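Look for subunit A in each of the two complexes below; its partner is subunit B in the first and subunit C in the second.
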Partner chain A sequence: MPNSRRMAVLPLALSLLVPRAAVAQDPRLERRLDSATFRAVSAVIDSADRLGLPVEAMVQRALEGTAKHASSAQIVAAVRRLGQDLGAARDALGAASSQAEIVAAASALRGGVRVTDLTRLRQRRTQDLTVALATLADLVTTGVPPDSAAAAVIALAASARDDQIADFRRAVERDIALGAPPAAATAVRVDATLRQTAGITSKRP
Partner chain B sequence: MFDRDEDVLQRVIDHLRQPVEMDPTLDAAVLARVSTRAGRFSWLGDAWEWLSRPRDIAVSPLAGFAAAAVAGLALWLGVRSPHVAAPVPGPSTVQFVVRAPGAGSVALVGDFNDWDGAATPMLAAHNGALWSVTIPLTPGRYRYAFLVNGSRWIVDPAAPRAQDDFDTPSSVVTVGG
Partner chain C sequence: MGRSPRPAAWVVTAVVACSAAAPCPLAAQTGATMDFGFMNVRYDGFLPSSGASISPEFRLDRSHLLASARGTYLRFESGRHSVQVNFAGSLLSGPWRGLRGELAGHAGVSQYEDFASFSHLLATPRVHLLGARLGTWIGSTAGTTWLGGASRPVAAAEAGVWMRRVGITWLISAVNTHVGDTVYTDFQGASHFRRGRFTFDGSLGVRAWSRGGGHGVYGEASGGAVLNPWLSVIVSGGRYPTDPTRGSVSGRYLGVSLRMSPLLHRTSLTVPVRPTVVAHHSAPPDPSAASLELRSCNCVGVTLAIHAPGAGQVEVAGDFSNWEPVVLSRADSGVWTVDLPLSRGTYRFNVRIDGGAWLVPAGVTGLRDEFGGAVGLLRVP
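Coming up: the complex of A and B.
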């Protein structure tokens, strides 16, 4: 090995010999989880933290589980699943995404939205994506097929403001509650919102 | 009246026009203080000159490797650190309202208060039929539920449902940036 390459590799090798300080174990979890659950959840959260994921959401999920008297297996599974969703969401949106965006995107993924749709959404909208992603997740939870929900939010992403996207979501939910098929309600309301953003007024409410 | 005011004014003017007698040692005292300040600046100047003067430093190869390792480690940790996103906007106040007639207590419990049933009690109104509380929330998406009488969980009928991980549903609220 040439001397120059040895000199380049040496700092990296030495750095690997220095153990990184373990993430401080969260006292909230230690106080409220039993010891076995605490150890299992802490290990999952520690791994996520090393990947730079927003682990506070995972802490809260574990606390939610224990508040609702869920079993240890349920809590560990929920935290692990959330960690996987957060990782996939961060990869889809990019490392520069905010924690709120990643958490909202993880909810959308959990509902069945495709990773590629999150990436398209990021490409279409320059502003913060938290409300758009949360709307996407909420629509899917309400019963709108993931592909229809993604197509609608991506269509709105370029021109609609956050408050218009939130209004769109409320209108779709209201239509569904009144008996409209979810996909049809989404299509009708996205068209109305796009007309609104374009400044075209409709005669029908 | 007018003449008397003029007289007073004239006497004030005359008083102000009188020469002021200066302490003969004043000049010497001022010069002494200036000299002391100059000494301080001179000490700083010497220190700067010592720090900025080029000189030859002999370092062993081992010390050089150690310094490179420290720099490499710092760079590696910096690259791996989570990206710092744009500053988070300030909190918005959000009101939560639920109908729980006959309840003895209702608490708002969620991602914003560590799911602590004692952290955010709600206040009753309309003869105990409606319960409400207003809290500040920074932009984000939060899961929450209402805890009635410390044991019964109910969702917010006016909010979207969260995906359920624990066989006890929750609601979600999103606060925009």
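Coming up: the complex of A and C.
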């Protein structure tokens, strides 16, 4: 983990490690987790909630774990990791970020994108980042190297509209499905999208 | 990307061209050629682009051994380039009661700019039933394709029939190909005609039952003329399908090339062994795996359709259901559906067949979950 990301995560990680009285008494969790797991997960979620993080994703992660008959330790660890990712994402994007932005950024971080790339993305784009961040997360999950994916989305961030970024993602995924190397597909498609945003219609190989 | 368009290369395996009853006309062709080409190509999803190519080739054709090595350097008008190198070879058994065995091998690498390269290594045993004017064959392919350091298994099964009528050789083939989780079937017809110094090759194919390999009709044609013993000209064009093994994206092209044959006794317009009729495949899919399709519905949300033939019960669970299993309804043959009130976004989910393990259906991006398994990402556009 890069130092910058480690520093950003540290305060939240400490807060998540410290048990607190569980105030997040989510009935879904209470009904489906055993009492010990419920208390531990609720404490983590409560800490995240106090920090203003979007906790619904953490609830869903705990429910996913119990649906898959994961151990208590696995569930608590998964929820805690997600909380740390959400905290790092919020720190990178800024306190004014929306919950959807933070959740998408956390997915990107889990995929290997660097905190500094999220910060650069925020600096490059004044509009809502949800689509750009979701695209970034999707690209890394489809096999595009995180550095390439981040470079592409950051390049698009300044000038491309959300619909153009979504089209870019679809084009890359289609190319990959048709056999194109993920990095090559990303590079070619980002070039084409940038040309489109610049009013240049040519997208030649 | 990076596939250089080539003349319609219907050329069957040499065995098909050489019947058991007649001497193989290719047996005398040994030597080297150099093609200088200019073409306009339009890869699917891209604007047309012109390009120039140079393709050296070495061939060794004997009655029991066929081998070729071909390289292509293609430079687009944008200044970008691609490089391909391919090797092909076939060992042929002697005819026995009209049968002939063949063991073919193919290896190659292609690279577009400095991106990760594709490479492949394939082996194809075939059995030919040969007559003077009619023949048939069956075969299979096994091998591996690599993208950078990541490999995918390739497997294929093929069958075909060829015949000679009124001086034209006709061929029909069917090839089912698996490359990793990409699956498709090509049905192709091809013809080959040679009269004096002129040669014509044409092919028409359909790709069907495809998952990840594209669909549709494609075809290529080329005509060539021998200008003198060491120089010929070839005009070619058409549409070709995606080749996941070699990493080429489907596209259309029109090109002209000059073929120099300084080391040949005579120029050959026959495009070297291209296992067009061969499929390159990967391992068969896990029979327990289901495939998923999102359909629009007359509801608020989407219809989730899961193809799981043989299943007695299909369930889905995800962020959209608080990870409570939702039982799907059996629709038509092997398809199970459920309407879900999902808005645009990405959801984590899994599918379960007959109460088994939670799995990620084919056609869906999967991630390692944090519970020792995998989770799928369902994207609702």
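The working rule: the second predicted complex is superposed on the first by the 179 of 205 C-alpha atoms of A that agree within 3 Å, B and C clash if a C-alpha of one lies under 4 Å from a C-alpha of the other, contacts with A are read in each partner's own complex, and residues count from 1 in each chain.
Heads up, the rule we're going with is that a contact is a pair of C-beta atoms (placed from the backbone, for glycine too) under 8 Å apart; a residue touches a chain by one contact, two chains touch by 3 or more.
Everything numeric in this text was worked out from a predicted model, so none of it was measured.
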| item | value |
| --- | --- |
| Three-chain arrangement built on subunit A, subunit B and subunit C clash or fit | clash |
| Touching partner for A:Thr142 - first (subunit B), second (subunit C), both, neither | both |
| Partner chain(s) touched by A:Ala95 [first = subunit B, second = subunit C, both, neither] | first |
| Partner chain(s) touched by A:Asp128 [first = subunit B, second = subunit C, both, neither] | first |
| Subunit B versus subunit C as contact partner of A:Ala151, first or second or both or neither | neither |
| Contacts of A:Ala78 with subunit B and subunit C, given as first, second, both or neither | both |
| Partner chain in contact with A:Ala67 - subunit B first, subunit C second, else both or neither | both |
| Partner chain in contact with A:Ala183 - subunit B first, subunit C second, else both or neither | second |
| Which of subunit B and subunit C A:Arg28 touches, first, second, both or neither | both |
| Touching both subunit C and subunit B, counted on subunit A across the two superposed complexes | 28, 57, 60-61, 63-68, 70, 74-75, 77-78, 81, 107, 134, 137-138, 141-142, 166 |
| Touching residues (chain side subunit C, partner subunit A) in the complex | 1, 41, 43-49, 76-78, 80, 112-113, 115-118, 147-148, 179, 182, 212-214, 242-250, 317, 319, 322-325, 345-346, 348, 350, 358, 365, 367, 369-373, 375, 377, 379, 381 |
| Residues of subunit B touching subunit A in the complex | 65-66, 68-69, 71-73, 76-77, 80-83, 85-86, 88, 109-111, 114-117, 139-141, 143, 153, 160-163, 165-168, 170, 172, 174, 176-177 |
| Touching residues (chain side subunit A, partner subunit B) in the complex | 7, 10-12, 14-15, 18, 20, 28, 52, 57, 60-61, 63-68, 70, 74-75, 77-78, 81, 95-100, 103-104, 107, 110-111, 128, 130-131, 133-135, 137-138, 141-142, 162-163, 166, 169, 173 |
| Residue ranges of subunit A touching subunit C (in the complex, touch as defined) | 28, 57, 60-61, 63-68, 70, 74-75, 77-78, 81, 107, 134, 137-138, 141-142, 166, 170-171, 174-175, 177-181, 183-185, 187-188, 192, 201-205 |
